[in-house]
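Next up: some structures, all given as structure tokens.
What follows is chain A paired twice: with chain B in the first complex and chain C in the second.
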Partner chain A sequence: MTALVEIRDIYIDGRSDETWMPIIKGVDLTLNKGEVLGLIGESGAGKSTLGLAAMGFTRDGVRISGGTVTFDGIDLLAASAAKKRELLGKRIAYVAQSAAASFNPAHKLIDQHTEGPVQHGVMSRSESVQDGIELYRRLRLPNPEEIGFRYPHQVSGGQLQRAMTAMAMSCRPDLIIFDEPTTALDVTTQIEVLASIRDIVDQFDTAAIYITHDLAVVAQMADKIKVLLKGDEVEEADTRTMLSAPKEDYTKSLWAVRAFERPQKPAVHTSATPVVSVQNVSAAYGKIPVLHDVSFDIHEGRTVAVVGESGSGKSTTARCITGLLPPSQGVIQFDGQSLPAHYKNRSKDQLRQAQMIYQMADTALNPRQRIGDIIGRPVQFYMGLTGKQKRRRVEELLEEIELPAAQYIDRLPSELSGGQKQRIGIARALAAEPKFIICDEVTSALDQLVAEGILKLLARLQDDLKLSYMFITHDLATVKAIADEVVVMKEGKVVEQGTKHDMFVPPHHPYTDLLLSSVPEMDPDWLTNLLNERGVDNIGDAAVDKMS
Partner chain B sequence: MSTLTTLALLLVAIAAGGWMFRFAGQKATANAPTFRDMPFAVAFGYVFGASLLLFSVWYFFQPTVTDAGVPNAGVVFFRWAVQFFIISTIAAYVFRLVGRAVGTEGSKKIFRQMPLTASFGVLVIILYAITAIFAQWLAPFGQEEIFQRVNVLPGGNAATGGDPMHPLGTDQIGRDLLSRLIYGAQNTVGIAFVTTCLAFFLGGTLGFLAATLQGWLDQVLSRAVDVLMAIPSLIFALLLMTIASAWAGSERWLLTVYMILIIAVIDSTRVFRLARAVGLNIVVMDYIEAAKLRGEGLGYLIFKEILPNATAPLLAEFGLRFCFVFLTIASLSFLGVGIQPPLADWGTMVRDSAQFINFAAFSPLTAALPLLAAGAIALLTVGVNFVVDWMLQRSSGLKE
Partner chain C sequence: MQSVIRIILQRLALGLLTLFVVSIVIFTAVNMLPGDFAEAILGQGATPEAVASIRRDLGLDQPPITRYFQWLGGALQGDLGNSFAQANFASFAGADTGVSTTVAQQIAPRFANTMFLAAVTACIAVPFSLILGILAALYRNSVFDRATNVTTLSSISSPEFFLAYVLILFLAVLNPVLPSLSNIFDGMSFGERLEKTLLPALTLTLVVTAHMMRMTRAAIINLLASPYIEMARLKGMSPMRVIVKHALPNALAPIINVIALNLAYLITGVVVVEVVFVYPGIGQLFVDSVKIRDIPVVQACCLIFAAAYILLNLLADILSILSNPRLRHPK
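Right, the complex of A and B next:
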């Protein structure tokens, strides 16, 4: 039997600064009919580029400089534009990472769905509409009869991602390329999308290339896994072998990341004054209430993880603490003293004591300021240091975050990698010499190995400087790694709180249980078992809805 | 009807040519991707362009004087345009080569990435700046000096009605046109530059303030700007200038000051809109939030955090706005309320010699008189726009 897709010794270059830099350096890939291949690697490993190359396609500024791509006996690199037009959409389909950005907001879902089949002459429009509804039903979208007649903005993110999968299936292609289809979704939503993608790929015996950086996800989806590192193949094996016995050191290090976990600290004295105490806080955006009676304490040298899905009010709580959103009821206490509700009414010292680290280091650092200025500003502003003293302090801070000062102090943020930028964000917070730092999803935009480095750094700084952290995250693996106490939030309310130990051992509040059980595990049978346990109709949104 | 038929036939011929061109290309290159994937419209475009080029070459070599002894004005103007185009291209190319060879590493890199249009634009701007700054030394005569011979034609050739002393000729009352063009650069461009700077200072400051503070201040400023923008700008300027000329009385220089203020205020509304929009995109960034939470004041936020991130779009707008201000001044002068005689100004120069354009068919040299000043305006506008396009492309990160 010949393979469906065969990529032989492919070389792909990207243009940067007037020269061609290699992105993929001689990778082979074979995919048989009905098989699912997982492509994993860090950002910049060339996963997406290789996935697109399997369609004979390259992004602008990228070229294929060597090798062959064969799809079902057709040489895609030599094929004419007309020939490729015939294949793409009909026999090869693509599902992008952000469905919200990939749908045309001006057309209804079903109109975009039927375009492919009608253009390729597979079905008439009315047949295609019927087929679309059938696909929506199979992908377990709510109200399959009418959901297609909505516009993209009227549908939630997870549903949109499934609608896009339906669109990719509309011509019953032989190959679908999934480019990180669940990365932007919450864990409970992710399960729905994963389950429906897997089902539909099984049903129609479609081959798929599944690109992701999440190992646990790929373990559920793929028959075999290929690991990429900086454009080179590290290893390839079938899923079970790869998970149980990875050969290469790099793969082992990827697997080991999930093992990082801090020991539980002893319980604090009940009489000790907490550093930050959130007391019965309610808040609203305009007239819409978003927080209801939220209370929790953060003690010196402890990390409180605030967990919940998007829209649960985690970041709003942080905005109340920093004073960006004055609460409508309740108070924030710092070291036993009430803080003014609005940040403009707080003293310089009160502002200094509480610092913040942001999720997107790209937007958190001014792109026009050099590292020395970014970190130097709070040093000058709060400590009054200038000139040489300021520079020496900045150098100290850079050493503290494990970046060689001489090399980085005069760079711009754009000259740093994602992990380095996040470290600069940490240094800026440290420069104020605070007691308390809010970490807002600080690792969610980073690759797993880099994220682990950031978590370890934060843990070390906490021990050295007795810092208290409020750690906002939706990733329970991160919680496991760093938290002392956990606060679970849902729809603006605290559902459950307690020590990490309590939280990860049953019994739980049912919502906590749902969150915990939705986190993909490295076991390839995890999804199957979970679905059997919960029942097909009781996953994701449906499960969340039943609880409220 | 026959013209239409000819045109239709031509188009059909070009279409057939396009098809044949593609077919021949496919055969000759053994179906190379360039020809294989070429849409018909592209092939049509190639043949159409080639035909146009051939026609231009043929037209360029037509005699300038018909058999009957009447000048063939179309050919004359076409030759001037083509010659000017070729000289400009060569100048821009040489300028870019020089830029790549001389200067610091940074400036060399800029010149390496520069398209030819941008290097032409930069060259034009530099030349205009030099002319404006050194007008007193460059001009052969004073701008108010009057000579005996009036209405001397350009060219400097006595046989065609010129005068070697006045290479570009003289106007109706005998002032040297070359000198007036050079002084015009100083007056028109200088005043436009000052006005644009003022407009940017006003509009930029208020726009950033509105974006940062928002609330009622933003509402008041934005609505005020809406009201100003609702009035057609040229007519509004004309109206205000009429009032200003009554205030200024016999003080001519005061009128120029009023004009600068009026145009600056009217144009600052557009700058306000842009600065506010750009500012709004920046103030939502996390680094602004971080600075606010640090307790930073308004001045630091605007000048240290927002302004450095807004320079690219503002600079591009500066170039564009400069052209508009410059054209507004020329228009006002053309209408008689702008820069006052005897000061040389390109707008006034066009108005003074405008009627000569009627002689184009009989005497191209006479018609060239109003075209000189108009060309000076057009050249600067085109040059600035080339540079702005290039800057916009760089700041938006688009690849060519």
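Right, the complex of A and C next:
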């Protein structure tokens, strides 16, 4: 049997400033008909670049400098642009990471769906519309007859991702490249999309390259796995072998990340005054209510993880605590004292005591300021230090976050890696010498190894400085790693709260149960077992809808 | 749709408010011009009595606030007042013949001519710039793109009268295909009118194309890095289809705004071109009226210019809103 895709010794370069830097350094890849290959690695490993190269496509500023790509006997690198356009969409399709960004906002879903078949001359428009509805039905989209006639912004993220899979299927291609298709989704939504994708790829016997950084996800989807590190192949093996017996140290380290877990701290005295007490807080954006009677306490030296899906009100709660969004009802207490609702009415000291670390370190740091200035600003503003004292304090803070001061103090944020930027965010929060820090999804944009480093750093700082954390996250592995107590939120309400120990041991609220059971596990049979156990109609959004 | 109608009504109300504020500005500015109609028409040797008499006749002796509200009240009822210059000064001589020209009568034909010229120019310039912009985006950084950029930029950078004379030289003198004088008048057939208007329209096209073409090009190129454009490419769509079908609909808002600004310019700012081609538009009338301090005409012209700007921008706003499916089809 000849392979469907053959990539031989491919070299791909990316341009940075005026020089070409290697992204992929001599990787081979073979994919047979109907086979699913998982491509995993951290960001910057070259997964997407390699995936796109399998389509004979490179992004602007990227070039293929050596090797061959053969698709079904056709040399894609030698093929003319017109010849490649004939294959793309028709025989090779692509499913992008963010369906919300990859659907054209100006056209209805069905028009985008039929574009491929009509332009490639595979089907007439009306045939393709019928086929689209059938695909939507197979992918278990709600209202398959009608959903295609909506615009992308009228459809939820998980549904869009399935509509995009349907679009990729529209010409019945031989190969689909899935580029992190569930990374931007909530766990309960992700599981539904995973199940749909796996089903349809099976049904049509489509070959696929599944790109992801999530090992547990790839374990469910792929027949074989290839691990990439900085543009080099680390190893490749079939999924079960790879999971049970990884050969290389790097693969083993990836596997081990999920093991980090902090012991839970003993319960707090019931009489102790909490550092932060959120009491019966309700809040609204304009007329739209988003929080309903939210109450929880955060004690000294403890971490409270606030868990929930997007739109559940986690970040809004943080905005109420910081005074950015005054609550419509209820109060926020700090050390037993009620805080003014609006941050403008709070004293400098009240402001100093509560700091924030953000999800996107990239956008939370001023790109035109040097590290010394970014951290120096709160040092000067809150602590009143200037000149040499200020610089010394900044140096101390940099040492605290494990970055050598002399080397980093004069750099710009663009000269740091993602994890280092997040560390600067932490140092900036520490500069105010707060008692309480809100960490808003601080690790969700980071690779697992880097995220683990950040979590360990936060844990050590908590022990050293007696900090209290409110840890907003949707990732239950992170909760397991760092939380003492957990608050589960859904649609602006607290559905369950308790210690971490209670949370991970049944019985619990059905929603918590659903959240927990939706987190993919490393077992390749996990998704199959779960579907058998629950049935396709009791996972994901469908299950969430049943609850409310 | 509800929300769109509300937004449009809001914009309309805001437009009217702006127009009101502009009317105050116009009135104040015109009154700050040194000298008045009486002094201008009677010359340096005028006796104070004669000047005072004309002022009294025209109501110029009233306090400015009274005059403003008289003017505004009239304008609201569609009466823009009487032209000073065309007024019959019989009353000054002791007898009232009752014949005088209203501002509306004086402006109407001129304004119609200006609108005709603007419309002809728009019909040529807008499609031309859009197509050039799309092609420049499609073949970006090619020789064609650069040539288009250089040509349109040089034409926008040259003085209008220079462009006008160059066109006259090539199209009227060396190859006499078009008339160099655009003296249009009532009773001309549409074809004749069009022929006479073509040369000024072409000159104005050269003036406004660069702006619209460059915005079209920039707005499209700005979107080419979007994930949905990459998606369209990965679906095997041709470069032309990617740009026209996938990029352009999302680039409309900024393009529409620039088109509106340029159309407003065509209505309000074409004095030089009118003078060169002796085209009887509103621009010439305006300049003449300022010279002789014919205040009602000046004010009426200003008000028309302001209304044109406000209306066209309002229209652009509304079209931009309608080009956005998020607003057309809320969740």
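Here is the rule we use: the second predicted complex is superposed on the first by the 548 of 548 C-alpha atoms of A that agree within 3 Å, B and C clash if a C-alpha of one lies under 4 Å from a C-alpha of the other, contacts with A are read in each partner's own complex, and residues count from 1 in each chain.
Note that in this section a contact is a pair of C-beta atoms (placed from the backbone, for glycine too) under 8 Å apart; a residue touches a chain by one contact, two chains touch by 3 or more.
Note that this is a predicted model, so its numbers are computed, not measured.
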First (chain B), second (chain C), both or neither touched by A:Ala459: neither
Which superposed partner A:Tyr343 touches (first chain B, second chain C, both, neither): first
Touching partner for A:Ala3 - first (chain B), second (chain C), both, neither: neither
Partner chain(s) touched by A:Leu351 [first = chain B, second = chain C, both, neither]: first
Partner chain(s) touched by A:Leu324 [first = chain B, second = chain C, both, neither]: first
Which superposed partner A:Arg368 touches (first chain B, second chain C, both, neither): first
Overlap of chain C and chain B interfaces on chain A (superposed complexes): 60
In the complex, chain A residues that touch chain B: 18, 60-61, 80-82, 322-324, 343, 346, 348, 351, 356, 358, 360, 363-369, 377-378, 381-382, 428, 432
In the complex with chain C, residue positions of chain A that touch it: 55, 57, 59-60, 84-90, 93-94, 96, 98, 101-107, 115-116, 119-120, 150-151, 153-154, 167
Chain A contact footprint on chain C (complex, rising order): 225-228, 230-238, 241, 245-246, 249-250, 325-326, 329, 331
Chain A partner contacts - residues on chain B that touch it in the complex: 33, 36-37, 112-113, 285-287, 289-296, 304-305, 308-309, 399
